[in-house]
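One chain, chain A, appears in both complexes that follow, with chain B as partner in the first and chain C in the second.
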Partner chain A sequence: MIYLDHAAATPVLPAALKAMTPYFTEQFFNPSAPYLPAKRVREAYQAAKDTIAHTIGAKGADLIITAGATESINLAFTACHHRALVLATEHAAVLAAAAPHHATLIPVTRTGLIDLAAFRKLLTDEIDFVSVSLANNELGTIQPLAEISALVRAARADRLAHGLTTPLYLHSDASQALSLLDLNVARLGVDLLTINAAKCGGPKGVGALYQAHGVPLQALTLGGGQERGLRSGTENVPGVIGFAVATADAKRHLGTHRKLYQTLNARFRQALTRELAALGLPAPLLLGHPKHQLANFCPVSFPGLDAERLIYRLEAQEIYLSTGAACAANKGTKSHVLTAIGLSDSEIAGSLRLSFGAANTLDQAEPAAQALAAAVAAEAARQQCTTPTSAQSATPAASTARQESRHA
Partner chain B sequence: MIYLDHAAATPVLPAALKAMTPYFTEQFFNPSAPYLPAKRVREAYQAAKDTIAHTIGAKGADLIITAGATESINLAFTACHHRALVLATEHAAVLAAAAPHHATLIPVTRTGLIDLAAFRKLLTDEIDFVSVSLANNELGTIQPLAEISALVRAARADRLAHGLTTPLYLHSDASQALSLLDLNVARLGVDLLTINAAKCGGPKGVGALYQAHGVPLQALTLGGGQERGLRSGTENVPGVIGFAVATADAKRHLGTHRKLYQTLNARFRQALTRELAALGLPAPLLLGHPKHQLANFCPVSFPGLDAERLIYRLEAQEIYLSTGAACAANKGTKSHVLTAIGLSDSEIAGSLRLSFGAANTLDQAEPAAQALAAAVAAEAARQQCTTPTSAQSATPAASTARQESRHA
Partner chain C sequence: MPKRVFLGMSGGVDSSVSALLLRDQGYDVTGVYMKNWSEDLPGMHCPWAEDLADAKRVAVQLDLDFDVWDFEQAYKQKVVDYMLDEFRRGRTPNPDIMCNQEIKFKLFYERALAAGADYIATGHYARADGSHLRLAADANKDQTYFLYRMSLAATARTLFPVGDLKKPAVKALAAARGLDVAHKKESMGVCFVGEVGMKDFLQHYLPAQPGEIRELETDRVLGHHDGAIFYTLGQRHGLYLGGGLPYYVVKKDLSRNLLYVSRNLNAANLWTDTLELEDLFLREPLPNLPASTSSTAPTAAAPVSVRLRHRAPLIPATFDGHALHFSQPIKRPAAGQSAVLYSDDLCLGGGIIAES
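Let's look at the complex of A and B:
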């Protein structure tokens, strides 16, 4: 198996699972119970929160533990009472949570970077919430958060000078970035930061929201008053223990992992272009920003081809990758991210997202590239055969094939 | 260790943990991803939902998986748009979720049973939501859900006959009851049922809400559209797999477990009374309903004593029990459940909740009873010594001692 979809899910690190296990069994106590073993569980839980918080330059008390990034994002948006600005390429969870807040979409450039000039214009006095992901989940494009937060700070100062009292909060979804960038909430200048265990070697069903001092949030679930009343329910102790081990491990290996991904990514891209050329095929369209991109991301497009058919061809060889966000891929809708960066329908239909992870090795670059090139060649040949003899260009034919496979 | 607080938390069953483990490691795929191994994960997830649903006489598609009972309860209350009726002894999560809905509390009798006559009167035409837990989390009292749902059905028929269109939904929190009673949503006559993995040998951080066909719910978290759009976020696959194994196991061993708890409970009560008598002390006040009570519950009160001090004395002998709901115990507030059944402050202050579980053995009844009786004797003696020589009765003295220990 060559797994190239770490942006969708990562296996739980053996060390994380090992640390979690006693909290399922011997240390199963309810952390709110009054006896000593339960108090020790609470201490372990709080120490784990501290560990997670330290990886983003915060304290455990600044974190609200949630069931994952989606819940963190929805909780973050409870600070929004007027109008929101969100990046056009945000994850579905941000777009959905923003929808009730008359959200305006901030445009992005062809590489997926925020259009800072447009953002400055859109940041009017009625905006009280801005949400910009640190790194995009389809392109891996890393946003200039420091520049964005500088603009937010300037807008706040300007409001203060004019006697305006509308607050302005900056939220960032760092789900994809947590294990790849050295994060620090102060340096990023964010008021709220969403992080997630399942994308960095921790278990599914656990996430956190960093809340800067004074940012008013409203609980989505009321009850026993856990997480400072902002998220009631018995604490998911094993999940948080696993999250802590995974984030600490990611932080410790940040440099070596990034180097691995850079080398792997470069070798893969080189091999792919070479293999395609050998088959008389053009190089793929490389998506995202050439420099400001997560080291493990390799989003590419083969315009005119049907990416889903490529995925099935590679699946037969136990090579696993996706067309984009797993939750969107599952619904068969056109990627709003690729639409936002201005790709044509044909370019979108031929798009694949490869994302490397700690489980990948350098020797996987060649076979993966060869298999993908062969799949592209086979698919290009198949489409030429099935293209009607009328003078249709490759693009509408591919588009038709895509429609058929979608409705099959 | 003798653990007597299964109502607060249960260890994860070895079989459940074993079933979960591969879904942390090899089967870690995102169930929404498009390749075969991910589709197999989705199949396993859906099969697990079916297993959980079958234990309550429902289908997997009727369940919305959540992060636990608290979230399920909060989701259930999104069906409430007018006024709610909730039992006075409901869990903090129900009371908190009901608060924004102008909720009226349904009174209970001294044994914790719903006052059906009062309920009938309170069930006016403006009520659109009723929430009654199947079994109380401090007393174990089992409510007559079939009678309650018959009244709800009659009220619906009456509204229909009068041309009223206000809907009326019945929700029940079955968190405590799931592993102890043979549940069937049709027989119970509920529209919504909350269940929880962590109370029945499954992992923390997983629960479900059963939703009868046509009951309108609103998502608390928006995003990728998982769980029919009612609960977005990547599915907690291992958690649901563990939940399924735990519920299936509980269902399979329902009879034998109940018999174990009944015998254990009877032996414990008998031994406790005998030991107390030998020490010249009166029998404890037995709380809850003598018949309609979960077999594993043994809530007792030693009026005039400080239950927290009893807990610490038993803790020293590795016997663990609690004063009531763990989340409330943690806050040091007076139990609203014991207040609602009409206990005096002195009776409340001396209340303990013992709850047996599958990990307990029959030979634990004697040592647990002996230790508790000895603790009661020691505490009674201590209080007599510390009681001021003025003519105060034992009760206010105990109350004072309690206050002190609370503020210590």
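Let's look at the complex of A and C:
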């Protein structure tokens, strides 16, 4: 198996799994219970929260543990009472949570970077919430969050100078970035930060929201008052323990991992271009930003081909990769991210997202590239010999029309 | 030039194996997923995206062209609206028969021909012999009950690749060829509603209308229902009349929104020896009858076998061109359902069961 979809899910780190196991069995106690063994569990839980918080330069008490990034994002948006500004390429969770707040979309450039000039113009006095992901989940494009937060700070100062009391909060969804970038909430200048265990070697179903002091959140889940009343419900102790081990490990190995992914990524790209050329095929369209991109991301497009067909061909050889976000694949919906960066329909239909990670070794670059090139060649040949007798294929844009029929 | 076939691929094992059989037989196959319904309803997840992915995976595995044709609007009008209208009238329609008549063997067929098809194909268990429709080799899986209203022209251009096979052989083929769908759970009932969801589905579209449930023999009020149209003659589940012997729905009075039930399985309303048919669709001249039966009253009654439900046994009857006559009383099927007639393995056509 060659797994190339770490942006969708990562295998749980063996050390994380090992640390979690006792909290399912002998250490099963409810952390809120009054006896000593429960107190031990409570302490372990708090220590784990501290560990997670330390990796982003915060304290355990600044975190609200949730059931994942989607919940964190929804909780973050409870600080929004007027209007929100969100990046056009945000994850569906952000777009959906922003929808009731008359959200305006901030445009991006063709590489997926925020259009800072447009952002500056859109950041008017009625905006009280800005949400920009640290790294995009389809392109891996890393946003200049420090510059964005500087603009937010300037806008705040300007409001005060004019006697305006409308608050302004900056939230960032860092789900994809936790194991690849050195995150520090102070350096990023964010008021709220969403993180997620499942993308960095932790278990699924655990996330956290960092909340800077003074950002007013409202609980979405009411009950016994856990997580400072902002997220009631008995704590997911094993999940948080696993999350902590995974984040600490990711932080410790950040440099070596990044170097490994860079090497792997570069080898793969080289091999792919070489293999395609050997088959008489052009190099793929490389998506995202050449420099400001997560080291493990390799989003590419083969315009005119059907990316899903490539996926099924590679799946037969136990090579697993994805189109855009796993959530959008197969639903026949066109990726809003790829639309936002201005790709044509045929470029979107031919788009694949490869994301390297812990399950990969350097020697997988060659066979993965060879298999992908062969699949591309097979699909390209199939498209060419498709006789244009069908009504569908009668137009010059045959391949595009074929793809688009499912988007109709 | 190999003949071109457009195959309806649902993502199930039958149409997937049809794809591999057609390809092995040398046809130029294009798989088509017909997108007829995609809406989730309360308590019902519509698996269309998963089914589409399964179908496409098989197509790629077999190196076939694949496309998605969107018939959602037509399906809503021709199948769902028809179904709701029939229920409003107190009848129990069969939407699958309508789907085959209006969508698969009409719109899909026509679009495939326009796209250059020599044939269309589906994964139904049936046999097409020229324009004749015949029982499938697997008597237990035969689906001609759902197909009797497909046009003769479409039948003549249709291939049913699994019609000569038994279901276990189809599954074995899928497994032997490494098709993931070999182990897929079979979908039952109306495709988009699922097996038990019809009432839930109807309640999503038709308003509840509370009324009384009365005992036929005594006129005693036994309980209340949420709309007589939601119930079918002979039904005994979902009445919530407490324990003891089951009650059966024996009569619906739609004008007064009353449901009559009885514990007497021999209640006259539950049984009949005659079924009046309407909206006939006859595929073949009837034995002992002139071909055009609708205009003149026939003098003789044709001996036929009749199927009153999908997979129900074939029972002997005679058909006089309007009504079916049985030598012994049969349990009365609900109005709106179809009676499909056969002579040996040949499907003669059928009609919609009229109100008693």
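In this text, the second predicted complex is superposed on the first by the 386 of 408 C-alpha atoms of A that agree within 3 Å, B and C clash if a C-alpha of one lies under 4 Å from a C-alpha of the other, contacts with A are read in each partner's own complex, and residues count from 1 in each chain.
Simple rule for what comes next: a contact is a pair of C-beta atoms (placed from the backbone, for glycine too) under 8 Å apart; a residue touches a chain by one contact, two chains touch by 3 or more.
On a predicted model such as this, the values are computed, not experimentally measured, just so you know.
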Partner chain in contact with A:235 - chain B first, chain C second, else both or neither: first
Which superposed partner A:179 touches (first chain B, second chain C, both, neither): neither
First, second, both or neither for A:55, with chain B first and chain C second: neither
Chain B versus chain C as contact partner of A:313, first or second or both or neither: second
Touching partner for A:355 - first (chain B), second (chain C), both, neither: neither
Chain B versus chain C as contact partner of A:382, first or second or both or neither: second
Dominant contact partner of chain A by residue count, chain C or chain B: B
First, second, both or neither for A:143, with chain B first and chain C second: neither
Doubly contacted residues of chain A, that is, touched by chain B and again by chain C: 308, 315, 330-331
Touch list for chain B against partner chain A, complex: 1, 5, 8-12, 14, 17, 21, 24-26, 28-30, 32-38, 66-71, 73-74, 91-93, 96-97, 99, 198, 203-206, 220-226, 232-239, 308, 311, 314-315, 320-323, 325-331
Footprint of chain C on chain A - complex, ascending: 308-309, 312-313, 315-316, 330-332, 378, 382, 386, 389-392, 402, 405-406, 408
Residues of chain C defined as touching chain A within the complex: 4, 30, 35, 49-50, 52-53, 56-57, 60-61, 63, 65-70, 111, 114-116
